[in-house]
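Written below as structure tokens is the structure these notes are about.
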Amino acid sequence: MADFDRDYFIAVFRRMAETAETNRDEWTRLDGDIGDGDHGINMSIGFREVVKQLDAIPDDTDIAGTFKLVGMTLLRKVGGASGPLYGSFFMKAGAEVADQTEVSFDDLRRMLRAGVDSIQARGKAQLGDKTMLDSYLPGLDVLEAADAADPGAALTEFVARMKQGSDDTIPLVAKKGRAMRLGERSVGHRDPGSQSSWQLMNCFVEELAR
Amino acid sequence: MKRLLNDGYDAVEEMLDGYVKAHGDVVKLAENERVVVRTELSTEPKVGIIFGGGSGHEPLFLGYVGEGVADAAVIGNVNTSPDPMACYDAVTAADQGKGCLFLYGNYQGDVLNFDMGAEMAADDGIRVETVLITDDVYSAKDKADRRGVAGDVIVLMAACAVANTGADLDAVKAAAEKANDNTYSMGVALSSSTLPVTGEPIFEIGPDDMEVGMGIHGEPGIERKKLEPADAVMDEILDIVLPDMDLKSGEEVAVMINGLGGLPLMDQYICYRRVHDVLTDKGVTIAKSMVGNYATSMDMIGMGVTLVRLDDELKGWLNAPFNAPYLVQ
Amino acid sequence: MKRLLNDGYDAVEEMLDGYVKAHGDVVKLAENERVVVRTELSTEPKVGIIFGGGSGHEPLFLGYVGEGVADAAVIGNVNTSPDPMACYDAVTAADQGKGCLFLYGNYQGDVLNFDMGAEMAADDGIRVETVLITDDVYSAKDKADRRGVAGDVIVLMAACAVANTGADLDAVKAAAEKANDNTYSMGVALSSSTLPVTGEPIFEIGPDDMEVGMGIHGEPGIERKKLEPADAVMDEILDIVLPDMDLKSGEEVAVMINGLGGLPLMDQYICYRRVHDVLTDKGVTIAKSMVGNYATSMDMIGMGVTLVRLDDELKGWLNAPFNAPYLVQ
Amino acid sequence: MADFDRDYFIAVFRRMAETAETNRDEWTRLDGDIGDGDHGINMSIGFREVVKQLDAIPDDTDIAGTFKLVGMTLLRKVGGASGPLYGSFFMKAGAEVADQTEVSFDDLRRMLRAGVDSIQARGKAQLGDKTMLDSYLPGLDVLEAADAADPGAALTEFVARMKQGSDDTIPLVAKKGRAMRLGERSVGHRDPGSQSSWQLMNCFVEELAR
């Protein structure tokens, strides 16, 4: 199986931007139920700027630099809780592969783990707090346990498990983020960040399958 | 409900552009266009006061940048904390060599972003302290966990009054903390606000319903119930706030009625009247009254009551002279 | 839309009670409870300035009673001229021996009632003059036939600035007339206001429609059309107002964006931005900007643009110091 | 035919108050179409106070005094255009029969004419301007031409003609009052004051028929 190059990641990021646009109103609606109804909008604002930045990205930007650019752009443009969380996710993921022009599947798993670690370091949430970590954490475990011989299958399982994790947020009482103030009233609603995160990660799969 | 906007994605930038064009004698945009800063900082260096949060709460935060009030405001997307770079750039713009105080409502997104901004400023050797505003009684049991709503303005006034004396950062921070410790709010919403980007409300609410304990971002409150007459709503709010702050006969307070944007002043004064009468009946003295749209949620129909337990020091701070486009006294 | 009221029949009285309770240091009710008057009139006798009209436009009229601003406001039922007795009683309350000036928007109901009040005052030997405010461009071809909208505040400022110098009634009246002659407004409404007594809107309007030329009482405008982006709406307004006032490159103006109550400040500043840019492009200098809810129609979603052609005298009047709860500068 | 006494008029005024209440929303709706939507509300506010005043009216108040009380109350409480117009209508009508404890049908016709004259004196409107005068003026002509022998029939014709006059305002372009600014847009709508005036005058008939 071939390694992942810069063009692959750029294509993934463009696909993420489309995903953010397509799901904007859905994420916003989910956030309206238990948050402040801006999640989809802010992700859309952020990824619109990501596309602008990618359109002008210097040819000599490597993979780490591309991830940094995306992370910084989200950090600058998204705001709220998800701006710093998604921002450091991408920045830290990229920092794992400094100076590489291609990354292996194992590198990619390391990158995603580093990204998720940084979400946890910044946001201090635990599994079961009804946040995007409820998608990422079980998903990553599956990804890391998967057979490295078939990255496509492994990433597909990863995203499927993330989606399952997002479904599993529905019955939870929120313990972090804006929804935490709702207490029991957050039960019965999906966490918006858990939804956006599996849908964004799904872009790795879709771009591979293309 | 309807808005009068161009592309909703441009709303924040266009508003900021309009604001500094209208009030160019008082404020300008810093290099970072999400930072509104005084055209000229004080001639006597003072602690830089930085007030911020999401947009959509106008006149909060930008309307309170001015002479003797905030030195800079950092503005996020609608209902969304500003980003860390903007928070950092606000420090650069507002610092006068005596350090800066971040004042903002206690929301996790804001804490994440402002803290990153403060870290960057610390790397530059600028001291930044933070006071999280936590006045919204209904949002959490522990005072320190509560979110910030219209009490933002009260805490700002206290901090600025002390900063204007030339006091150091610790003293200014202590004043803000004292004001915050004594500030209690609670509100109701009768409608959702309308988001510029989607043109849609954040949530649905029945024609006869109200949401009790609604925040100023449209986060659901704690209870949805049938809309009641203004006096009954005020009584319900006071029944929760007064015991929570343990207000006693003989004490003195400031009362703020904060309109969320879509509620007419007529209704706000009718609400004020009830609060005034109930407090007076209880033997509480009202030393200062503020009624109006201090911290809105765009077009949301709703209001909140803010009570501030006063002593002579706090009273002095709240009666200090201020001169910003939306706070003159 | 929803309101937060008790019995709608009590709304005006309860609002007035709440208002004087909140601002008891500045105003009180006269014996006639529809008259809001300064707690203490000026130490130097001056022409009594009486501002009035229906309620439901808050902060107009009562919010402009204060130090150096109006001496009294006479308040009618919602959207309804005050009665003649109240107009007369306002004169009694505000007269300081130098006569009084009635300032109100040009509506037939108001003229009928204020004129009767003035006749009664004349019987008492108190001279009362009247300046009808006629700023609403879209409401009639002849300037003198137009109705008064947010320009009320501009004319009030001019009259008060001159009254505060101790000038006589003729001079104060002349100042008000000069301000009125130079003040031009036009607005749009996106929704009806909600009447306190019925809890219902005055008129229906489609979800994508706006009413061009709507007055601040909910009288139908002149044209109903599809809602457009803010910039396009501002352009349309300016395309009518600028030729009407024959504004030329090199001239100086004051610009007021008046929110009708339900329109967020965000939208108002976006509107301001366009007006500013268009005027600047045209070579017109903006010497003063005012943005906010100066003359509302309760919860109506809408706004108006007011332009004032300035000369040095008018500019001086509009920049005079004022200190009323809703006009401090 | 018996003359009209104070009790008759008090009963008429109470009936007018009920009429104002019943038709409040209808008058308000008419005024919403071409005015500012307050006509019914203001008349209701005014007549609620009239009832309060009548409840406390001193026994020695004569007919003129009763009319004056009603007129003054409307003048004080209604405001707008219709406050002074209806207020002076009743005050001037009463002034025609000072010191009388009963009034004849001819007196009544004189009173109504005096009242309408005062509306015209205050409001300076003409027939065809689309105001309450479009009910009153043709109605009064009929009333004055009617056979005095049957006041009931005469008053019925009077009100019928007023109603017709109100119908006739529908196609008119308003020339007075708030609706005048609408120009052509006022066409196709009934003038609210022409409606309230015939319905209020109808109370004379109804009370007679009781």
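Note that the chains are named A, B, C and D in the order they appear, and that numbering of residues resets to 1 at the start of each chain.
We adopt the following convention: a contact is a pair of C-beta atoms (placed from the backbone, for glycine too) under 8 Å apart; a residue touches a chain by one contact, two chains touch by 3 or more.
A quick note: this is a predicted structure, and the numbers were derived from the prediction, not measured.
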From chain B, what is the lowest number of touch steps before chain D is reached?
2
Dist(centroid_CA(chain B), centroid_CA(chain C)) in Å evaluates to 28
Distance between chain A and chain D based on Cα centroids, please, to the nearest Å.
73
Using CA atom averages as chain centres, what separation in Å is found between chain C and chain D?
32
Multi-chain contact residues (two or more partners), chain C
none
Which of line, ring, star, complete and other names the graph you get from chains that touch?
line
Using the touch rule from the top, collect the residues of chain B that touch chain C in their complex.
1-7, 11-12, 14-19, 21-23, 55-56, 58-59, 63, 188, 190-191, 196, 207, 210, 227, 229-231, 233, 261-267, 269-273, 276-277, 289, 291, 293, 296, 298-299, 301-303, 328-329
What residues of chain C sit close enough to touch chain D in their complex?
9, 54, 76-86, 107-109, 112-113, 116, 139-140, 147, 195, 197-198, 200, 202-203, 215, 217-220, 222
Within the complex, chain B is touched by chain A residues 24-25, 28, 32-38, 41-42, 44-45, 48, 75-85, 122-123, 176-179, 181-183, 185
